[in-house]
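Note that subunit A is present in both complexes that follow, paired respectively with subunit B and with subunit C.
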Partner chain A sequence: MNDILKRLSERFPVSNIVHQRENMVFVTLQKINSIPCISYLKEFEGFTHLVMLAAVDFIEDGIFQLTYILHNYKLHTDIGIRVKIEREHPVMESIHTLWAQARTYQQELKEMFGIDFPGSPGIDEPFLLEGWQNIPPMRKDFDTLKYSQETFFPRPGRKSYDPQKYMKQKLYPDKEPE
Partner chain B sequence: MKDKDREKFPELVDGKAVIDLDSQKFLKVWQGPQHPGVTGNISLEVTLSGDEVVDLKTHVGYLHRGFEKLMERRKYLQCFTIVCRICVPEPDTNEYVFAAATEQLAGITIPEKAKWLRTLTLEMARLASFLMWIGGQAGALGMGTIAQWTVAQRDYILDLFEELTGGRVYHMYIVPGGVRGDIPDGFIEHVEKVMKGVEKVLYDVDIALLNNAIFKMRAKGLGYISKDMVDEYGIVGPNARAAGLARDIRKNSPYLIYDQLDFKVITGTKSDALERTFIRFQEMVQCVSLIRQIINKMPKNGDYHTRIPNPLHWKIPAGETYVRAEASRGEYGYYMLSDGTEYPRRVQVRGPSYTHAIAVLEKLAIGTNLADLAALMVSLHTCPPEIER
Partner chain C sequence: MKKDNRLLPNNDVPDVERDYFCDAYPEPVKPFQGFIEKFLNWARANSLWILGFGTGCGAIELRPLMTARFDMFRYGMAPRPTPRQSCVFVIGGYASIKTLKRIVRSYEQIQAPKFVLALGSCTINGGMYFDSYNTINRIDHYIPVDVYVTGCMPRPEALIAGLRKLQELIKQGKAEKANEYIKNFEWYKANQKKVIKDWNMPDYNW
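The block that comes next holds the complex of A and B.
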């Protein structure tokens, strides 16, 4: 793994290297270098398996972190490529030409985080949500409670109790409520 | 495909099929979200020319409950009631992978006995999942009886889970630090009794299904996966092993106590639905052997849980990781990122069906007969809840 990292850092400006465990390492790359680096790892270093493409919303820093996890079946090692992109109008280069399965991940990220991958097949089609009018729901500023209160209405006749008061009343009916 | 055969297929413009339904050459039908077999709730938008599939699009979204979003608002221990629900037939893999990721970020090592008990539950869940799958595979090709036999045996395994964990379908047995309890008295004898029953049914299934002429004729050549496709489409598990690639996480990167068990990676060559059935059938037989090895070699005494901080006020150190395990359908993994608080910042699930049921199925279905489409879906062993976490 150290040899691969050495060769990688000779070619690309990698930073923030974290050896998570013996056979897994995370590195950070700039957006402009990330796709050439992923292509290099796939074509020359044997990281032929795209394990997943994950996104994390760092709303306080105004960025999305995309993590491409790649696996090498010969050495049984993993590398996680972290790429930070702007949260306002997030756009990232597509990798569907490298892995056909990547389009599904990209389609989901477009819907759930609003990250655009221009050129990815079916990127504008809905993936899970039909007719979604709100902001992308996996973003941290999407208020799930507010959405459910506005969208769904309580069933008529349904009562809700404060669990603490309800159990006290049920267990000690003679006792006066505080 | 020969050019003259191309006539009945839609015209391709920029690599995309242009389907003119007014031409009356094509018919668009929807299959699902209920299917013959046990493929779960996904919908297939099928374009047909005669009874041959010329285009297919998978539609998901029938099961979306926002688990990943819910986990961001729950403490690590509270997530266990959610993660097991991501895959109904095999919830233990989710529990294990989530627990292992938490332990890795928190720097916890678990006792030896807990590793054995976790492996036991994982193998029992794998066997239960396969038993349900083979019923679906036979059912999709018109043999409903097989499902009656195998699902009954799965129920006996669920009885074992109930005895061990208190729950039949969702167990929440694997928790950070180990497992929730030791094996109860008489459990080993019950396991042995169930394994004997499973072996007997597998013998019957071998005769009735794997030697059935109709099954062989219909499954042969169905959904051929080439070796080149495996990496391009992220195909894992038995689907990749049927293509001749010896890829099994239990062997390649052993976790828990798999390095102490005697088993080999089962591979095939023909890579069609029939070969995948053979591979999974052999893995079921292997599962029985592994469960027997575990109950024979498992240490009798020892802690099954290590001390962890108060789980309701447990701050996991900041960091990120990806942990994987071999489920019955292939690589199952969790990406977890902690920001040092009591709540996970982000959890993302990688289920094998994410690729198998969408990109792979859409590719393999082209040219398939409509009657074989259900069998093709089941042969990929898809489970939609893990697509729409």
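The block that comes next holds the complex of A and C.
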């Protein structure tokens, strides 16, 4: 693994290397270097399997963090590529040319986060949400409870309990609640 | 009963497809008189055919019901592949908007008399998905429900109890929710169209 990281850092400006496990490493790359780095890992280092592509919304920093996890079958190691893209107009290069199945991930990210991948097949087709008219629902500034109450006719009389307090009260009724 | 001469607008069907769909307004079915209706209800109650459409996680409870251990065929219940041949629609738990569109379409394609059995807390008040952006909270605002089975998920025994209750209701002549759907057609349609934003099917799926 260290050899791979060494060769990788000779070619690309990687930063923030995190050794998650013995056989799993996360590296952070700039947006412009990330796709060349991913294709280098695929073609020369044997990371031929795309495990997943996911996004995290860091609303405080104004960025989306994309994580590409690749797997090497020979060494049984994983490498995660973290890429930070701006939240205002999130556009990222598509990797459907490297792995055809990436189109599904990208279609989902377009729908759930609004991240655009120009050129990816079927990127504008609805995936799960048919006819969605609001902001993408997985963004942190989307209030899902409020949307649900406004749209879906909540049945009155529904109560919610804090599970910890409720079970304490039920199991130990004599004890004073803290 | 007076014939309803209103026509469905079918505004959202594309012009090229308009010829394929019927635009007649659905009509309630009048029950027969006296013992004929009683005999028919007895026959209906003992041949409940369930639509094989697994909506939500409750669909997993239908498999043990069909097979040897719980064996619903001893009550005359059988799974059917198409809405045209079935009369019971089991809503198995949460329904997302995408599924709700198919639920409405299948429900309208079932010929009356038709009955709906709603499983689990999700169909009653949203259950654990009450705050989800994509699952509805109460199924009875979109299609009428005859029997609710509570639980998350209900066991097959509970499902059998619900089906037996449905049989009782049918024998008493109380399972007339299909007519209620027609009577409150505008209200149900407005609710459905409020959540299904890409409505591209006819207003009533004959």
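We adopt the following convention: the second predicted complex is superposed on the first by the 153 of 178 C-alpha atoms of A that agree within 3 Å, B and C clash if a C-alpha of one lies under 4 Å from a C-alpha of the other, contacts with A are read in each partner's own complex, and residues count from 1 in each chain.
Following the convention adopted for this analysis, contacts are C-beta pairs under 8 Å (C-beta built on N, C-alpha and C of every residue); 3 or more make two chains touch, one makes a residue touch a chain.
Quick caveat: nothing in here was measured; it's all calculated off a predicted structure.
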- Message: Just to be sure I read the superposition right, which of the two partners does A:Ser9 touch: subunit B = first, subunit C = second, or both, or neither?
- Response: neither
- Message: I'd like to know which partner A:Ala100 touches here: subunit B for first, subunit C for second, both or neither.
- Response: first
- Between subunit B (first) and subunit C (second), which does A:Thr144 come into contact with in this model arrangement: first, second, both, or neither? both
- Message: Which chain, subunit B or subunit C, ends up touching more residues of subunit A in the combined arrangement?
- Response: B
- Message: For A:Leu50 in the superposed arrangement: first (subunit B), second (subunit C), both or neither?
- Response: first
- Go through the superposed model and pick first if A:Arg158 touches only subunit B, second if only subunit C, both, or neither. second
- Task: For A:Gln133, decide between first (touching subunit B), second (touching subunit C), both and neither.
- Result: second
- Message: Touch test for A:Gln169: subunit B only (first), subunit C only (second), both, or neither?
- Response: neither
- Would you sort A:Gln30 into first (subunit B), second (subunit C), both or neither based on which partner it touches? neither
- Using the superposition on A, tell me which residues of subunit A are in contact with subunit B and, in the other complex, with subunit C. 126, 128-130, 137, 144
- Query: So in the complex, which bits of subunit A are touching subunit B?
  - Reply: 18, 20-21, 23-24, 26, 48-52, 54-57, 67, 69, 73, 76, 78, 80, 99-101, 103-105, 121, 126-130, 137-138, 144
- Item | subunit A-touching residues of subunit C, taken from the complex the two chains share | 96-98, 101, 124-126, 130-138, 141, 191, 194-199
- Task: Write out the stretch or stretches of subunit A touching subunit C in their complex.
- Result: 126, 128-134, 137, 142, 144-145, 147-148, 151-155, 158
- Message: Under the stated contact criterion, what part of subunit B meets subunit A in this complex?
- Response: 16, 60-61, 64, 66, 68-69, 73, 104, 231-234, 245, 247, 252-253, 319-322, 324, 331, 333, 335, 337, 345-346, 348, 350, 354-355, 358-360, 363, 388
